[in-house]
């Protein structure tokens, strides 16, 4: 079966506006203009690592929508499944982000209501969409945005599943979009369709009311639902500029857990999107070598760790860079400072 | 009667985002962050010229709203009558602006729907508001934003009028907010309360369906309604970077027209807000020397001409600068290149 | 016949580095990073106007090559036919450009020797390349870069011709790459394969030693060679910041000349790439409506005129913008300053 | 008694010019333009936290003075008591600041002599000034600037005291403005008027020649003079980019010391003004809840710690932010990385 | 006689701070950092054209003085005769400059009092200074700064004259430093030592109370004093962004006037220092070919015209560029747009 | 013997282009423009510390070469021995550098082949060159660039040696320019001429195949060759933003080793050029006080440690700063945070 894409994702594309370095939102005269969005971050990362990806979304039919489209192409993500909203109230969501420094946490202001993505419908797309990819990904954010988004996402999940695609889902719980109860109810409805499931331990406990140790929780999802892979990240925030990051993957098919040493004391430049970068690394691993969960985990951890070191939502690492990082991570003793 | 303010205005405050110099919205990585809004531009200009002003508006209770408040104070405009929207969907309107260069016109993308200003109500304010100013100003934009804005604006006009304030109104027709017919019907309803009326010749013809020459049109408004002053600007756009600007004022109390030589070949840096700067100059003139329409016109023309030469919506000229510009404008023959 | 691309072009991609606004190369601490190159500019323009295009080129297999690839995708140009040079001396050509202001002309420093494009060979590509496009374009610059480039370009022209593509060629004479004599000899060899020929009057006289009036010169090319279309631009440089631009197209099939009023007193922001933008407009016109040379000419003129108003080599206008410019250009009398 | 202001401060306003990030003063082409000054930093902080403040100062009557005034208003500080110097030699003091990084300390160049503040006199102000505030603050810097400044400051202290205001004083010893002996003699003269006294342990020892442990030193001031509150900060400079900060407050009325855990390993972005931010936090605390020294100390510590994380002299934290920081500081165990 | 320098000049070096493009001093957050000063501009221009020059000045012994020294060397001007002021009140003068745009004139704020240059004395230098140069230049600004500066300048003029140097003097009248009467009295005292005299027609009339036509005024100076060369510039300011510039030189030795067509409609980017650039061009001409006044005039006009097109006080044109400009200026008919 | 220069160095000057802060080469729109090069870094550092230095190099005769020359002068390095390449393929080498952050290493892309330095010949210079300096320095990079560079470097070493200059050589091994074997063979040929030899322990082991402990290795060089001084740096890279740096010097004349405590946990801003800064500090020490190796080592360590804290290749510390750093490094206990 020869599909055009390895991965398609459905999600909102946001304009991200940030003051430079440590300047604050309530002051200053310059904003960095970027795009982001959980699912876009994922496909962008997978594309950089070497697979063919596309984003399914709805953008306003104006210059800001065109800017978003241009950026999406810059990342190597296909714009074939972008649709445009030319109505009077078309808009792209915006979020404003400022960096933190201990003891000040990062700050974020969302202006993502009434956006064009909320008008997206399955009928915006040709039937052929569903047969065009090996894997479909979306996240809890898309489900939480509006009932129309949720309806479209659930319908798409089913249609992609029918067409033979793997379904990947990241819970990505956001307390400012819905409550834990709303999230749990909605997500439990879609878990029967999910093959690859991303859920942090905290979210499992607080949202899904799971108890027990982390690994038994991960396993429990695969017992209730026909999920093959559960991946769970562990982040320790020492300060806004220093994090430690690791993860565990459980492969239900082999009843095996995969782990490695976490990346300790990451020099964080911009933490946003590092969770999505993890998803992109794992999905790349699973889609390129389906049986090698250990490699998927290592690529996921490295992609996420590196993402923390660059500004913006979007990852910027190709496979060569990730392999270099993994190799250094595994090496004990003195290392080359840089290649020259 | 000792009032706290010389001028209060009701209107939307917008976040303005522009690429630097001639860069375009569909590209680039930096945006200049500023605030603007027709009525804010007016009170800001009047404040710089030396009177006490304030803005009546509703801002989101988040960092972007705080930024707008800080900027408003920077301009010397009081934030006493700003109210805050802390609801889930609070937002400040945004507009994106890029400069033009012949043969490319300036570009503008509005994202101003569903904004907090649309929740503003008379009940948001203490009764004392209405007695606190010598003059109240608003524009057609406020009327056009939503029925709630319109209701609040009309009610405020009446309340300020009752409390003895002069009422100033600028038609400021925006075709992307309402139709000419909607505008005419609405504005004709409020003209009975208006003392100082700003309306360009084009708008008078197209929106109010007036006929005849410019001056007779201006006069006709004062015959139908109890308007004292009608001011009408005349802009010739030679190219996005070269304009000529002049105006006519009609004083119905004296049945007299006031004019002067227009400013020719203005070196336009940023044209946005130059119409509002005109209003600010005229209002400053009329409020500081009510009987001197010629001076008001000259201050209005100079303030508008100078505004074109600086970036952003907001004027930045104090009275000393405006008087220097007027003096140079009236001087024939060689002039000092600069004071040093 | 269903081809994947409407237009493919062969040419060098350059890194362009420019000081901001009027700063000079011999000073300053910041450079704007962009990409350009005559043929890339052409396909980028055609892509923005709505057709499917790609660039055939060889980039170094390093971060600078990756940057160029990302930018190419940003423009909507396919990177399917980019090949990479991973040898020890792989490099992307660089050029440094500074703006002029009367009486100082713009300045340019080329550092484009020994670049990876000079290793490009027909054997770098699959056979399917030649059947994948409706039109192939290259310019005299590619022929002048090196004998290897020339050999590849000539061979490709023949192969694309055989496969049924239209062949488009822009003389684009550059005195610092070869002499007039070298250019004439080489180009006369390839003219038998050319369908659409871009050549300015000056170049026709100085390089091809043509005599007579401009139109007779244009026609003469079609008498000696099986060329269908000859397009010739006319630029008047009033100063580095003010140009007038027009053109003439001759359609040999109909023995007809097409013209329109030139764009007078263009407010030039960045003149580089405006000739390529012209080619892109004309090719878009001819490829989308082959029989409408007048429309092709108007799109070419507008695309070129507008390109002068934005920074960088690459155009940024879509069809909607070009149509707006054309409409305004044809309108007599007062026009809307901007849409709002 | 209903006073217009909660806090007025007398002090010099300086233009601060800094190279971006880690660039140095002896190189580079860009400077960040900001304003600062010990007393302005204090009132600005108090204003952000929610009280009504103003600055008493003298600015040059030129564009640089106007810039300073605009910035002061931006911070929410009243410009009612700014007076202007229109003499031939009017000037605003300037200081140049560059960040450090271990082993390079921060660098500072003062150009603050012959400035307009040195002409400030009590006679520049209306009598009503002295009755308009609940508290008056100044620092040793103002005393050290010149004999005229000292005379005005001492006279103002007495006049405000007579009018019923609390007097707050921060020693803020600067070795480049006067010697320890000069400072001690002058300050001992004004201590009889001081209610709230800020003095670090080091300064107490070196300037006031105090001996014994830190707490007994603090207490000793209240035994000699009718001081109610003594506050003393403790900063550990691990490196230019890592500080630890805490403080002790002694309330002589209750003979009680107040303390809390210091903020450890603050990620310092810009240390300038963090001492003033401490003063602002404590004064806000004492003026809003006069009996709650513990809360004043906690607000002071948090305001200072956070100030270190943002560029420029001036704080930018409102009460909501400070309360969030305090809450996090008191929380043991894992915390939310950021609200979203 | 083999001298180390072709030209030495005595004058103040200033730090120049300007907002970017058309931003204003009363707003904004960034300033461009440059150095300038009439005499430095002159020697810098001469050095770029190819002669050996140095500046005689006194700088503060701090980082700002070091920055100025570094910039001076950047321009190819020797720092051998810079002396340093390490006193408590050492300072470099600052001036703030903002660009104009019609109808707003450029703005300038000087903060140049109490600066280190005012302490400069002949005794700061070794005796060898006076024998080290072929020509010594200073301007009326140096005379006007303070009596100490004046004393040093007059003494130096005499000492350099004695040592065989040519003396060049530019009146450069600045109304904010002294009155016309003060200037005339002082300058008449030094004219007996002057060989090359720069004085505009306006200054000659207003300051020296000359009457008659421009040329007869120029000649009259040489009749009263032993001046060899009088050069007089003529600038027409059409607007802040468009100037016309030309000049006349009178050679008393040959009783001949030299002129050429002025540069019309110069596209002005930054006008500051263009008068000094003229002086540098003329001095370069006279020092490299003493008998060719026509060439000196042409180089002066071109150097000045070009200076207007670049930001900052300092010229940036070498001889090759100036010759290109002169050649283009003399050419009639179509010219190459740029070399490539 | 009175020589014009204390130190001359032969080496390539490179244009360095870096994205701001943590931005990446494959993205972004701005590059910082600087110059660097191992030997230029050395002479620049020595010049800042107070000796007279010059660089021997070949630059392209275009604006980029002029920029490099201007920057060289900015650093206080003489351009007397710069020669220019005006051939068709003249070019300045470029390198692109991006900062790292753990776990991402810094990135570097060299584009330094076919550059003008490779045409440099002894015959480009006058005979007097060789007698003009007390010391000559070059590095292994110069030897590795090309056979022509190597030939010129070796010849110059011999000629300078004959003329009585000390010869300083830094191995500076670069694996991307040559192999360890090539380096060893070449360097062993020139070691008979070297007086001061810089070689890290790693290079000694890997390239020169030395065995034993670090000190015995250092000593062994002096046993085989007539080397007086061997200096060896020790850098520990904790992360791209945290390094520890120290060194050892062996004086063969006294058979003594010199050491001090390393600088621990340096807050690295830009590591490039810190090795060259070490060389500059040691050479400054040895040239100013030839018998004081301990002081040379301390200056070297301090200069290198400080270089890490500033952006760009080039050091920016004068002797006063270095002495302050050394003093603080030797001080135990609390230190002044900054002088003010």
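As written, the chains take the letters A, B, C, D, E and F, and residue 1 is the first residue of each chain.
Everything that follows uses one rule, which is that a contact is a pair of C-beta atoms (placed from the backbone, for glycine too) under 8 Å apart; a residue touches a chain by one contact, two chains touch by 3 or more.
All of these numbers come straight from a predicted model, not from anything done at the bench.
Student: For chain D and chain F, which third chains touch each of them?
Tutor: Intersection of chain D and chain F contact lists gives A, B, C, E.
Student: Name the chain whose C-alpha centroid is farthest from the C-alpha centroid of chain F.
Tutor: B
Student: Using only the C-alpha atoms, find the rotation that maps chain C onto chain E and quote its angle between 0 and 180 degrees, to the nearest 5.
Tutor: So the angle, rounded to a multiple of 5, is 120 degrees.
Student: State the pair with the higher C-beta contact count; candidates are C-D and B-D.
Tutor: When the contacts at C-D and B-D are counted, B-D has more.
Student: Same or different: at the chain A/chain D interface, is the fraction of residue numbers used by both copies above or below half?
Tutor: Homomeric contact, different residues on each side for the most part.
Student: Counting only Cα atoms for the centres, state how far chain B is from chain F in Å.
Tutor: The mean C-alpha positions of chain B and chain F differ by 61 Å.
Student: When the centre of a chain is set as the mean of its C-alpha atoms, what distance in Å lies between chain A and chain C?
Tutor: Centre-to-centre distance between chain A and chain C: 40 Å.
Student: For chain A and chain B, what's the span in angstrom between their mean Cα positions?
Tutor: Each chain reduced to its C-alpha mean, chain A and chain B end up 45 Å apart.
Student: On chain E, where are the residues touching two or more other chains?
Tutor: Residues 21, 24, 26-29, 66, 70, 74, 107 of chain E touch two or more partner chains.
Student: How about chain D: which of its residues touch chain B in the complex?
Tutor: By the definition above, chain D touches chain B via 66, 70-71, 73-76, 318.
Student: Per the contact definition, I'd like the list of chain A residues that touch chain F in the complex.
Tutor: By the definition above, chain A touches chain F via 21, 74, 263, 265-270, 302, 305-306, 308-311, 316-317, 321, 324-325, 328-329, 335-340.
Student: Once bound in the complex, which stretches of chain E touch chain B?
Tutor: That would be residues 21-24, 26-27, 100-108, 110, 174-176, 235, 237, 239-241, 271 of chain E.
Student: Under the touch definition given earlier, write down the residues of chain D that touch chain C in their complex.
Tutor: 28-29
Student: Would you mind writing out the residues of chain B in touch with chain A in their complex?
Tutor: It is residues 17, 24-34, 62-64, 66-67, 70, 88-89, 91-92, 94, 96, 98, 107, 109, 111, 113-114 of chain B that touch chain A.
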